[in-house]
Each structure stands twice: as structure tokens, then as C-alpha cells.
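Step one of this worksheet: look at the structure below.
Going in written order, the chains are labelled A, B, C, D, E, F, G and H, and every chain counts its residues from 1.
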Amino acid sequence: MQNEIVIAGFGGQGVLFAGQVLAYAAMDSDKEVTWIPSYGPEMRGGTANCTVIIADEEIGSPLVRNPQAVIAMNLPSLDKYEPLIVEDGTLIVNKSLVNRSIARKDLQSVLIPANEMAESLGDKRLTNIIMVGALLAQQPVLPIDAVENALRDHLPERHKKLLPLNYQALRAGEEFVKKELMGENI
Amino acid sequence: MQNEIVIAGFGGQGVLFAGQVLAYAAMDSDKEVTWIPSYGPEMRGGTANCTVIIADEEIGSPLVRNPQAVIAMNLPSLDKYEPLIVEDGTLIVNKSLVNRSIARKDLQSVLIPANEMAESLGDKRLTNIIMVGALLAQQPVLPIDAVENALRDHLPERHKKLLPLNYQALRAGEEFVKKELMGENI
Amino acid sequence: MGSNPTVEMVYKRPDTFTEVSTHYCPGCTHGVAHRLVAEVLEEMKLQDVTIGVASVGCSVFAYNYFDCDFVEAAHGRAPAMATGIKRVLPDRVVFTYQGDGDLASIGMAEIVHAAARGENISVIFINNANYGMTGGQMAPTTLPGQKTTSSPGGRDIEQTGFPIRTAEMLATLEGAGYIVRRSLHDPKNIRKAKKSIRLAFETQVRGLGFSMVELLSTCPTNWGINPVESLHWIEERMIPYFPIEDFKVSASVSQIRV
Amino acid sequence: MGSNPTVEMVYKRPDTFTEVSTHYCPGCTHGVAHRLVAEVLEEMKLQDVTIGVASVGCSVFAYNYFDCDFVEAAHGRAPAMATGIKRVLPDRVVFTYQGDGDLASIGMAEIVHAAARGENISVIFINNANYGMTGGQMAPTTLPGQKTTSSPGGRDIEQTGFPIRTAEMLATLEGAGYIVRRSLHDPKNIRKAKKSIRLAFETQVRGLGFSMVELLSTCPTNWGINPVESLHWIEERMIPYFPIEDFKVSASVSQIRV
Amino acid sequence: MPVKGWIEVDDRYCKGCDLCVYACPQDVISLDMDRLTPKGYHPAYLISEGCTGCAICAIVCPEAALTVYREVPVKRRKTPA
Amino acid sequence: MPVKGWIEVDDRYCKGCDLCVYACPQDVISLDMDRLTPKGYHPAYLISEGCTGCAICAIVCPEAALTVYREVPVKRRKTPA
Amino acid sequence: MTKELLKGNEAIAEAAVRAGLEAYFGYPITPQTELLEWLSKRMPDLGRTFLQAESELAAINMVYGAACTGARVMTSSSSPGVSLMMEGISYIAGTEVPVVLVDVMRGGPGLGNIAPSQGDYNQIVHGGGHGDFRPIVLAPASIQESIDLTVEAFDLADKYRAVVVVLVDGSIGQMMEPAELPPMQPLERRDPEWAVNGALGRDRRILSSIYIDPEEEEDINVRLLKRWNEIEANELRYREYFMENAELVVIGFGTAGRVALSAVRAAREEGIPVGLLRPITVSPFPYARIKELTNLACGMLVVEMNSGQMLHDVLTAVGSKIPVEFYGRMGGVVPFPDEILDEIKRLCYEPVAPSENPRTSWIDRLEHAKN
Amino acid sequence: MTKELLKGNEAIAEAAVRAGLEAYFGYPITPQTELLEWLSKRMPDLGRTFLQAESELAAINMVYGAACTGARVMTSSSSPGVSLMMEGISYIAGTEVPVVLVDVMRGGPGLGNIAPSQGDYNQIVHGGGHGDFRPIVLAPASIQESIDLTVEAFDLADKYRAVVVVLVDGSIGQMMEPAELPPMQPLERRDPEWAVNGALGRDRRILSSIYIDPEEEEDINVRLLKRWNEIEANELRYREYFMENAELVVIGFGTAGRVALSAVRAAREEGIPVGLLRPITVSPFPYARIKELTNLACGMLVVEMNSGQMLHDVLTAVGSKIPVEFYGRMGGVVPFPDEILDEIKRLCYEPVAPSENPRTSWIDRLEHAKN
């Protein structure tokens, strides 16, 4: 059994770190895991993607053509990955930077105003963690407290003071989706 | 039918040129021919050898382990090549620089005081040509006038004036051997 | 006394530039150096006879921006490649555009010998005190104590010696016709820099030998400061070690009036 | 007033030399340079702590003649190889012995950077104005107009530029502690040369940075003149272009008394 | 009365690096925080009157994104007294 | 009376290059045309009296083939007057 | 034993440190640079030698010198930089001193790009450098394997006085996986009987690659060859997956190998009898095992991130016994598992003529797929 | 048509001049130096470009630049110098500009010696330089062939925008044979549609080896591969001797090939049914013909002046169909005909097991012979 998650956005959105948090959590839960930044033509700036694969057995390819879940932090990422997700896969979209609805009907998708939520929590940099929380609510690839521990153990020193906020962000993302699923976010 | 001739001595004795004269003569007589200087450990000075192969058909190896004829211009060369000559092969030795007789009895060999003869002709540098003349007398691999023409056509410009002397040297070497064979050089 | 005004265009993007947006980081003065070269090519009407030689560094894509023939050299070998071109096409104008890692580190032998031969080419040498493209490692031009990704504790002169003053060193070679250092940190210096680039190309066009303009340039991204602060950094940190001077102006070059 | 005399040995072959006859051509002053280095190693008692780095050139077999540890480098890379050795064995004495093709042509980048780093090694640099081992081709040190096997019409400065004054060029680098040029063409100069080689090793032993002694040396074989005439050729042809001077003697090195 | 000038900023090239803003002697250039270029930068723009068309901004611009214009008064021929 | 000295030439090393001959201030060294070294060179040798043991020959010898000796007068201790 | 999440380049660097690396000389190049950067901090902190060389040419010759002292030394680079090291590598091999080289391959030829590739296989395994010598080449496919093989590389280099190459592609350099680092080995100053480190109280030593007498040079060549035979006999490593009753065998190394694993696993789930052979040492190469497999399987598929460089070696081993097909991506493209799965299926359904050159048919398919 | 007695290095140089060589850049190295020296006189006399570069690294990059202008260019070196050209060769291949390189091989690895060798076969044919590309490699065995193939090298380089290597060993460089030089071709300024020579009256052109997008780089690789298939189809050259009803086939190129000819001739005189295949292009390699021969002959003997580099290619062609044996001399040793004759006889009398690695048994025999 293998989970493949792509997190995509542009530089500065904490895309790579979000993926690493999942990877740490998976490792601490004794899973096999790979994290790999994806290569694009541009050598710097522009888009930033990473692929995280979580599995019970030895992982083969660290990259997949059709991931099971995608976190799209902006419009270009949505446009690029929506068509690639496996059938009935999961798609978490940062509504704040996306002005369109999701075309595919088979997907389990959520549009979440992550930027606004982050700002209301008091720090724009929390957007990525909110999205992770949302993912885990939509598709529980890992127990959420494993991710909390990962944050605790691996948040860069200089951001340690932000730990409580990160917990909140994670839960906020989770809550949002739960409500969504219960049809409460109207 | 193939003739293999090794000319050996030390640098400055005109060993390489003597070989080239034979090669030119062979070429002008429409024979196949190869000339190759032999590699030794030392990068400069010391001994100088070359191998000339004259044949009617395409020549394979430009080097042979056991040559049919050897011109030994000095003692080290004699010591090195006497044992290597094919059975009943030809050996021309520059008596002026060799203080021993020839060990092998099967060889058609000549000891010729080339330095003295050259000096008596008035130019030490003729030693090599005298030896060539002797070789051709002993083993007529090429008509002697072919060699004369080769000298005429290929003697370096600055030595052209020495052409007549070179002819004499060639004949002198030839004469010496002829007499030797008739047992006259006593 | 009135006057009915007419409009004049004081500055416009040179035609020798393609309509391509550069890949350089915002505020990186590689762009200024490009612009100056483009302006000089335009002023001297050399566009059709010029062959540029891009090097390996952030300027690796330089050939996308200049509207003239271009080749892309191996890391450090631009002067050798330029030599090959110039020798078979002596009537063409050939210039290399190289960073300090490319020219002063891996390419040291090639630049010294091009200068020593008096190779009739022009070299635009961007000194930004680090390796930009690969993420800000130490370059031969990195200042003492300067932190880079390969000198995390700051450049230790005990271990790695002092920065190389390339222009000064090459100026000792007979073959050099014109070798100067300029800076891109303010308008005045940028004007001086352009004049020198012009002189470098004039030197070549007149067959007066090797010419090189070393340009102090910013790398905001790897220096970790913003573009404006970067200009100050050049002024306060780099210029004291890398003086803005003429190191070699051969007699015949000094005759040139532009 | 009488005196019953006793015998004193004024000069003997140094013990730091092996009992091997060199492969050098008769009268080639490579041999003199070797002897001077051997004498200095003996005087300074460095034989057991010294590692020599031979280069590719006529001195390729140098390791056969010095009775100390030796390695043989790739053509031009002796300074890099010496750097590798010195960095892991800082308490050993490491010297390279390089010709002008090796050091000033193919090895230019390595020597410049070793000097720039202030690499604590000593370099014996033999300038004989040509490539000896390969049969007398043009070197970066070949004089204008000098005929060589690869400049049969004489070195054409229009095509190949002027000879490189390596010592002068390297002296511009901060890391250089001691850089001088000496000559081997007469007893007086040979004595001076030995003193400088001594100073170069003293510089290293005291950890005062990069040291190099450029030695004007003969190549009778390829110059096509006899050994004695070759000495005159150095004096009359080479020295005017390659002056015998001190180009860099750092403050601390100038303190050394030998 | 000072010469009147103005600039045009080409959004295809401007990267909002701030160098022209900093260099402008009249302090009449600023980055437009309400606009994004196709590449996602806040482009420079002329905030007010006062540009003299000195083109200093263009001289420092790494992207050759600026065009600078200026009004030139046409001199009238003096009439004899 | 000048100091008396002499040289020894090691035939294993001498290549008959003539440099010592040329350098000797007393002109007392020459190449021995009647002898050949194992390597086939005419070695240097001391032709006559007059060597002062100045060792200049050794300084110029590329082969370190020379050993130089000199007689030194032993100074007698002065007896008090 | 605690695992950490480690990036390939950094894991290799730290593994080398713990294996007793005494001196590192290198030059920056993507996608290898993090390795150099890691050591630029680590080595000085430990009082060991780190030096950024002026070029790869200088780096390999610095490593050459340092190796001559008997120290544990390493350099690293990526494809174009490695090409610049060829003369030096030949000298090192000819001098018989131990050196570890890490090559993090990128797309080529020429400047190419910085994406992952396996285009240096030939240069490293067969051709690079003049003269007759063979480096030991280790090709890890995961971060843990990269760590383990890096440590081993130093032991092999010492044991055989040889050049040992750790050959990975950019994706392994950039990827993160949980892995365990070895314990820190104490640095002991080595003084092997050949080391050049000052002739104090012993006869002097010389290290060189010149043997001006051809017969002597030939003796060295013979010695190197016999040593190589030993290496082939003792140091061969490979790993097999799903090989039981496999009728089709996929062969791939490094990243191509692990991508193939995904495909093979998927195929097995669909009941296709396919197995995977992943060479871990690509030099020595598992010729014998592949020959063996030709008796069990009825076809082979070689997968590489190049135009079929290892393919040549597989063909040598297989001879014409069973058909061999090839699938490769080039220039920095990493294949997805589904591409290989498609190939596996194709081979199960459409039979292939053993005679034709596998490369030709592949190129047609690839072109067709690309347009 | 008059023949002259010509030395290999000089013959190649003069042939290049007459083929329209416009620029030569090189660096001295034995046993190739006469080639450079010849051109140092000839080229300036003709008003063409000769430049002694500061190194082989500079030489190959000067040639690279000159080639970009569409000019006919050449460089030459010997083994260690050629190793220094690997990065440049990869760039040239990736940029698809025509360059001719002459490699006069010497004994190695490392500094080795200056005696004749074939130790660069792998480096030139298989491995040298990073990334996927293949040079055309011509291996003459006589002075006349050296001349003819040098002229052809320029045409092939132009035709395929490829690197063409003339691969000879030191003995061919030093040997003299009667040969005929081609007529002097008039120099015409080439302006191929890709040449970079100033954008006068046309759109600008760019020549580079960067393709930062892997998919794009892959397209280039595909283009190079398809061009290579053409080359394999059109440019294969080899020569056979005494092949009629040969039961044993000897295979060797260059000097090894002509030494083998002497042995084969001698064997035939003794009535032994042996033939010789001498590849003239070693890249492309006559795989198909060798495969064919496995149907006629019952054994093969590969002869090289290295440790069996071409052997690898022969084995790929032969598969396991018939036994292949190897005889090589290394490090600068040139075999004498009698050594090969002995091998031929041995093979006729004692049968060999096809399975075992030919190299192992050879090494034992060689060692035994040497002591």
C-alpha cells in the first residue's frame, strides 16, 4: 500500500518544507518514505514542487506520473496537476490564489482559503501547514499527531517559537475540511 | 619474398639515414618497403636502430624479431643483434669499433674497417654508406645503382657536394666485400 | 519668452537587445553590464559582425539577450573558444562575457594566455565576489571573511589566501592593450564602465590587442541582501579591495578618442 | 715561516644525491639546479622530511637523483599535487621542480592558484626558453624571433605574443612570500641562485607562504649550440628580457638571515 | 522652469528591483504595489510630476525596461532690436 | 705562495661538457681525449699544477662529478717575544 | 540505531566523514554541490582538510597528491567536471593509490542540463582515461545504500589501491529518505608500505606512473589485470527482486533500477512473471549471473537513463541466447514506472527477434511516444 | 601519380593540409609532435591558421570555437593529452560541429611511456566524455591509409557534423612508407546554414550544447542516435585477408592488424586455414560481419596492443556461438608476428572452451611467457 502526494506552488510558500514535515512524520511512524523536489527547466525562482511517497514496503520510483493526492498552492499548480491525479484522488486547493472551481468531478477536492486563514492566525507563513492539515483530514495518510511531533522535532530552530501557531494551523486546516465534509462551510 | 634489414649503431653514425637510403632505393625499384626507427627506453642519445623491410607484396609487421641481415656499426649493436639474426643470415660489422670476432659460424658475415676507410676517403661521415655498400655486396637485396640514384635524389641539400664521395664509399664497401669473398683482403 | 515644446526620446532599450526578459534575479547588475555592451554594439554598429562567447555562470544564457551571433563555451574556456573564432575570422568582432569563477578560477590558464598572446578579443569580466549560478560558493574574488556557501565560517585567508586581483595581474602581460576595473554600483560609475567597454571594443576594432573590462557587480540573491543594499556593499566592501583604476592602457590605445 | 699542511675537502657531491648518473644532456644546467637543491636540503637537514614533486619535462626523472621521497605529477599539475600532499602533511617540506612549458603553459592555472592561496610550498622553476623533452618547441618563455621546432620562422610576436615573465606576474599575488629570478650561467649567479633556493625553503619551513625561484637554464641540445655558448646565450639573450631580480620578498621573509 | 520629462516602464521586463526608485534624483519613481507584471513583480511607475527626463533611472535599470522622454523648448530666432 | 689544491673527477658522472674547463680561473682543467667514460664521454682532468682548490669547477658542474681538495697551512702558535 | 531523513548528497558526504575521510578537494557543480558545501563546514570543524580547488582538474590532482601520502581522500563532481578528471584518474590508476570519486550524473552531452542522468556509465565503467585500467564502480539506488557503499568505497580503495567511483544520478543526490549513518570511525594515521610521507628512518619511496621501458609498463598492466580478476571474484554485488520463476528479467541500476522495481511490482500484481536484477557494482559487472539467468528467463529488458550504455555489457553476457530489449530515457529525463510497465507488457505479448539491434527499435518507439 | 617516402605523422599533417585544413590548434606530445611541427611551418606558409595552444584543454576548445565558424579544423595529441580533451569533445558532440582529432596512442596508464599502444580504444570508441554520443573512429594501418582516411575524416565530419577521430599508434606515427599524397584542394570559405560567423544580412545564429529542458535535450540525443544509425549503415569499413575457407579468423586493427597479417600469411604458407579481418572503422564497428563470420569459422583470435578493449565488442558480436581467444601486448610493447603465429597454431591444435573469459587464460600465458 503506497501513498503519493505532490505539493506544488511557488517558491516562498513553504512547499518543500510542507513535504518534509510529512516525510518526517512518516519516518517517525516507521513507514518507508521518499521526498524529492521535482526538476523543472528553471534553475531558480518560479515554481517549486515536491513529491512525497509513503509506503509500507520498499519504495521504487520516487516520482509518479499520477499522484493520489495533490496540494495546489496556486493556480499554475492547479492547472498542471489537476489532470494528473489518479481517478477518485484527492486535491487540496489554496482558494486564496485560485479564481476557478475544480473541473474534475471524480476527485475528493477541497478549496480552502489558506492565505486568509493564515493571516487570521497572524502569520502568512502558516499557509503550507494549513494545507497539510486539510490534506490529512481529507485523506488520513498519517495520524495528525505524528505530524505535530514532526513539527515539534524538525521546525527550524529560528521558528520554534511558532510551534503553537503551527499546531493551530494544522488543526485549522483539519477542522475546515471536517466542517466542509459535514457541509458546514456555507 | 621479403628482406628484413636492421641497421644499428649509436646516434651520429648516420644509422637512420642509411636505412632511409635503402628504403628510397627500394621504393624507386617499385618494391614494397617500410622503414621504422626502433623504440628503446632512452628518450634521446644512446643507441639508434632502424628496421627496413623490402618485399614484393604488402608488408605486414614493420618489425621482426629475427632479421635476415644486420649492419652493426658498433660493439653494443653487435652484441645485441648477432644472436637474433636468422640462420645463415647476413651480418656486416664495423670492425673499426669492434674488438672481437663473430661468434656464430652459420652467418655470412663481414668485418669491415669502415671508419678507417671513410677517413681515407676523406670524410668520417661516409662510414654508414660504406657499410651499406658492403651489405649489398654480401646480399644483393637491391641493385647498387638503385642505391646510387637514391643517394642522388635524397641526399640532404647541404650534403649534395658529397655525392661523388658517397658513390665512392658505396663502391668501396662493395669492393671490400667482393675482395673478401675472393679471399683477397689478407 | 515662451517656447512650444517638442518631444525627444532621451533613452530607449537598444535594438541590439532581443525582446526577451532575462532570467537574472531582480536587481542583479549582470543586466546592467548586458545593457552597456548592447548599447556599445549599437553605437559602434557592430551587431552584424560580432560574435559573442557566453560562459558558464549566471550569464550562461547571455546568448538569448544579444541580437547577434553567439556561442556558448565550456566553463572557463571562453577565451580559448574566442581565440579559435577570431583566428579564422580576424575581421569579426569577438567578445567573451565571463564571471569570476569562470575566468579567475577554472579558466585562469586560458585568460592568462589569451592576454599574453595579445589575442585581439574583448573580455567583459563580471566580478561579483562569488559563484552565483551554483548558489553562492566562494570565488577567487571572495573577500576575506566573507561568508559563502562553501566558506560558511567566512573566507579564511590562512587556508584559502587572499582574493585575486585579476585585472592587476593580467596587466603585467605585454599582450594586454587595455585592462581596467570599473563598477556598476551608481550612475557615475556605470557611465565610466560604458566608456571603458566602448574603449575595449575600439581596441579590438583597431587591432590593438587584448582588452578586458572587469566590472564589480552585485549578486543580491547570494549575498542575501536587497539590490539597493548590494550597491552599497560594492562601494563599501569591494572597492577598497578592488580599486577602480586603469591598469593597462597601451600607448596606441591611449590615442583612441571616443 | 713554514707550515706542515693538512688536507681539507673543499667540495664533495652532496649526500642528498643518489649515486645515479643523470639522463640530462652534457652541460645542461638542469643538473646545476638539481645540485643546488640537493646542497640546500643537506645544509638544512631536510632530507628525511622532504617530499619532492617531479613534473613532466626533461626533469621528469628528477626523483631518481634526489635521495628523498618523491612523486611524479601530471604535466602542469605539480602545484596541485604538492598542495594535496602539503595539506595532509603540513609539517613536511614539499617542493615542486617544473619546467617552463609545465609551469607557465599547461600548468598556469595551478601555479597561479597555488601562489594566490599562499600555499606553503617551494617551487623550483626552470626557464630554458623552450620545451626540452619533446624536442625544442616554443614555450611561453621563448624569446621574440627565437627559432624553435614549432616556430621555425622564429617566434612571431604578432601571432603568439611576447614571452610571459612568470615571476613578475605571480609576484602581484598577495599569497606569494618569496619570488625571485636567478640564473645559472656563471659561478657568481649560481651562488646567488643557491642562496635564493635556501631562502625559498626557509620561507616554507617558517610557514611564510608560497615561494618560487625562477632559474634561467640552458638547453644546449635544442638551442643547437654547445654548453659553453649556451651560458653566453643566457647572458646575452635571456637576461635582457628576464631580469635577475627579487620580485616579491614579504616583510617576514626579508627578516630571514641565512 | 525645469525641463519636463517622463518615463515608460515596460512590464515585460521590469522586475521591481527598486534600483531606479533609489536612483531617481527627483524621487518621482515608486513600485506599484497594486499591480503585478506577468512575471509577478510590482513594476516601477512615475508617481508624480517633476521628472526632468535625466534618464538616470534608465542608466541603472538592469532590465532595460525604461524608455525616457523629455520636452525640449524650441528656441525662437531673436528679432533684431 | 698560493694555496695548493686538486680535483677528483668521478667518471661515473662526468659527461665531458667542458663547463669546468671553461670556468677554471687557473686554466688547469681539460678534457682527456685519450679516455672514454663508461658512458662514452671524454672526462675532465687536471692538466697541470696550479689548482688553488677554489672549487669554481664544482660550482658549475651539472653532474656533481667533482670533488675538490686543498692543502691548508696549520698556523703555528706564536711564541712570546 | 536511529534513522534520520537525509538528502543524498549530504548523506554521502557525512558517510565519508564517518568512514575517516582525511582530505576532500572539489569544485562546485550542480547537482553535486551540497556534498561539497556539507564538507566545507564539517571538515574544518573536525580539523580535517577541506579545500575548494580552482577546477576539477586541480581537484583530482590534489586528491592524487594527498592519496600518495596514504590518507583517505575523496573528490566529487558531476558529468562535465568528471570528464575533466580523466587524465588524473588514469595517473592515479597507474600509480596504484586509493582514491574515492563521487559522480552525481546530469544530462548531457556538453553543458546539457542539471537533471538526473546515467550518461556517464561508459565514461566511468569503460572508457574514461587513457590506458588499461578499471575502476571499481558502485551504483547505489537509495540513500541508505549510498551511505553504506560510500563507507565501503574507502575500504575497497585501500584494499586494492584502486580508484573507486560512487556513481549516482542527480535525483539520488537531491532526494531525501530515512537512513542510518554509520558510527564515527576514529582517524588513525595510515602508513602503508608504499606511502610517500617523508623518508624518516626508512629508505626513500617514489610514487609515479612512468615506466619508460614498455616491458616494465606491461608488467604493471599485468599486475593491474590480475588485481582486477581478484576484484571480479570477490567484490561483485547485485540485488534481485521477484526473481522466482521469472520469465522476463528487467535489468537496471541506480534510479532506473528502483523505478523499474515499481513497474515490476505492478506487473507481478497483474500476474506477469517478471523479475528485476539491479547491479550494485556495475564494475565489476554481473556477467556470470546474467548468463545464468538466460537459462531461466526467455527475455530481458534493460532500463537505463541513457542511450543503452550498460546494455552493451548485458548483450555481451547474454550473447544471442535470448532476446534482449532496451528502454531508456535520455538527457535528464527520468522514466515513470508506467512507461516501463508498458514495455514489460509489450514484451509479454509481442515476441521480439533476438537478432535485431535493440537500440534501433527502441528509438523508433521513443520518438513515436514523444510526438 | 608519384609516391614519396613519408613518415606517418607528417603524412597525416600534409594530407590534412591538402584536404583543406583551415586551422590547426595543438600542443606538443610524443609520439605525435612531428605532426604539429610540420603544420607549424606549412600552415603559416599557406596563410592559414596554426596556433600552439597553452594546453590540450585550450586546443580542443580553440578547435571547438573555430569549428563553430564552419571552418575545417583539426587538433592532434597522444593518450594523456587526449584524456584532457574529453569535456571539450563532449561539448563539440553536443553542439554538433565538425572536428577532426588525431590520436597517436602511447603506452599507459598515466604518464606511462612514449612507445606505441592501442590503449585509447575504449576512451575514444566507448567512453570518453560524458553523455551519449559516438565519434566516428578511423584506424589506418599504413601510411597510405593514414593519408586517405585523414582526407575522408574531414568529409565525414562535415557530412555528419560529428567528431571524427583518426586513431593510430606511435609506430604508425614514426614509420616511413612509400605513399601518394592527394592533390591540393582549393580552400573555399564554407558557410553552412548553422555556422556562427556574424549575422550580416541574416538572422543571428546560436551554437550551444545547453538544453536546460530535459525533454529537449532528449530530442537532441535522439537526433544524434538516428544520425549514428545512418553512419552505421553508410560508413562501415573493414578489410579482409585470406578469408576464403578460413576456419580461424584473426581480428585486429591498426598496427596489431598488420602484424597479424604477417602471422596469418606465415600460417597460410604452413597450410593453416586462417583469415584476417582488419576493421578500418572501429566505430562504427563491423558487428554484423563478425556475426556472419561465426557461421563460417569455428574460432576467433583477437589481437590488440592493449588488454582486450576491442575484444569486448567482438564478444558482443559473437555472442557465445564460437570460441573467441585473445592475445595482446600492453604498455607500449608491439607484438612480433611469431607470437601471433604461435597463438594461431595453439588454437588449431588445442581446442578452447567458449565459456571461459578469454582474458584470464591470456594473462596466464603472457605472464608465463614473460618470465
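In the analysis below, a residue touches a chain if its C-beta (ideal position, glycine included) is under 8 Å from a C-beta of that chain, and two chains touch if they have at least 3 such contacts.
These figures come from a predicted structure and were not determined experimentally.
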Just to be sure I understand: going only through chains that touch, what's the smallest number of steps from chain C to chain H? 1
Check every other chain and keep only those touching both chain C and chain E; list them. none
Quick one: point me to the chain whose Cα centre is farthest from that of chain F. A
With centres defined as the mean C-alpha position, give me the chain F-chain G separation in Å. 63
Mind checking the centre-to-centre distance between chain B and chain E? Centres are C-alpha means, answer in whole Å. 90
Chain B and chain G, separation of their C-alpha mean positions in angstrom: 56
Counting only residues that touch at least 2 other chains, which ones in chain B make the list? 39, 41, 43
Touching two or more other chains, which residues of chain D qualify? 25, 60, 72, 74, 105-106, 108-109, 113, 133, 140, 159-160
Using the touch rule from the top of the page, what residues of chain G touch 2 or more other chains? 30, 51, 54-55, 57, 80, 87, 91, 95, 110-111, 113-115, 208-210, 212-214, 332
State the interface residues of chain C toward chain D in the complex, per the touch definition above. 105-109, 112-113, 116-119, 140, 157, 159-162, 164-165, 168-169, 172-175
Taking the touch rule as given, give the residues of chain C at its contact with chain H in the complex, in rising order. 47-51, 53-54, 60-61, 63, 67-74, 77, 80-85, 87-89, 92, 109-110, 113
Within the complex, chain H is touched by chain B residues 20, 23-24, 27, 32-37, 39, 41, 43, 58-66
For the chain G and chain C complex, residues of the former touching the latter: 27-30, 33, 36-37, 40-41, 44, 51-52, 54-57, 80, 110-111
Would you pull the chain C residues touching chain E in the complex into a rising list? 1, 3-14, 17, 19, 21-22, 24, 26-32, 34-35, 38, 186-187, 190-191, 226-228, 231
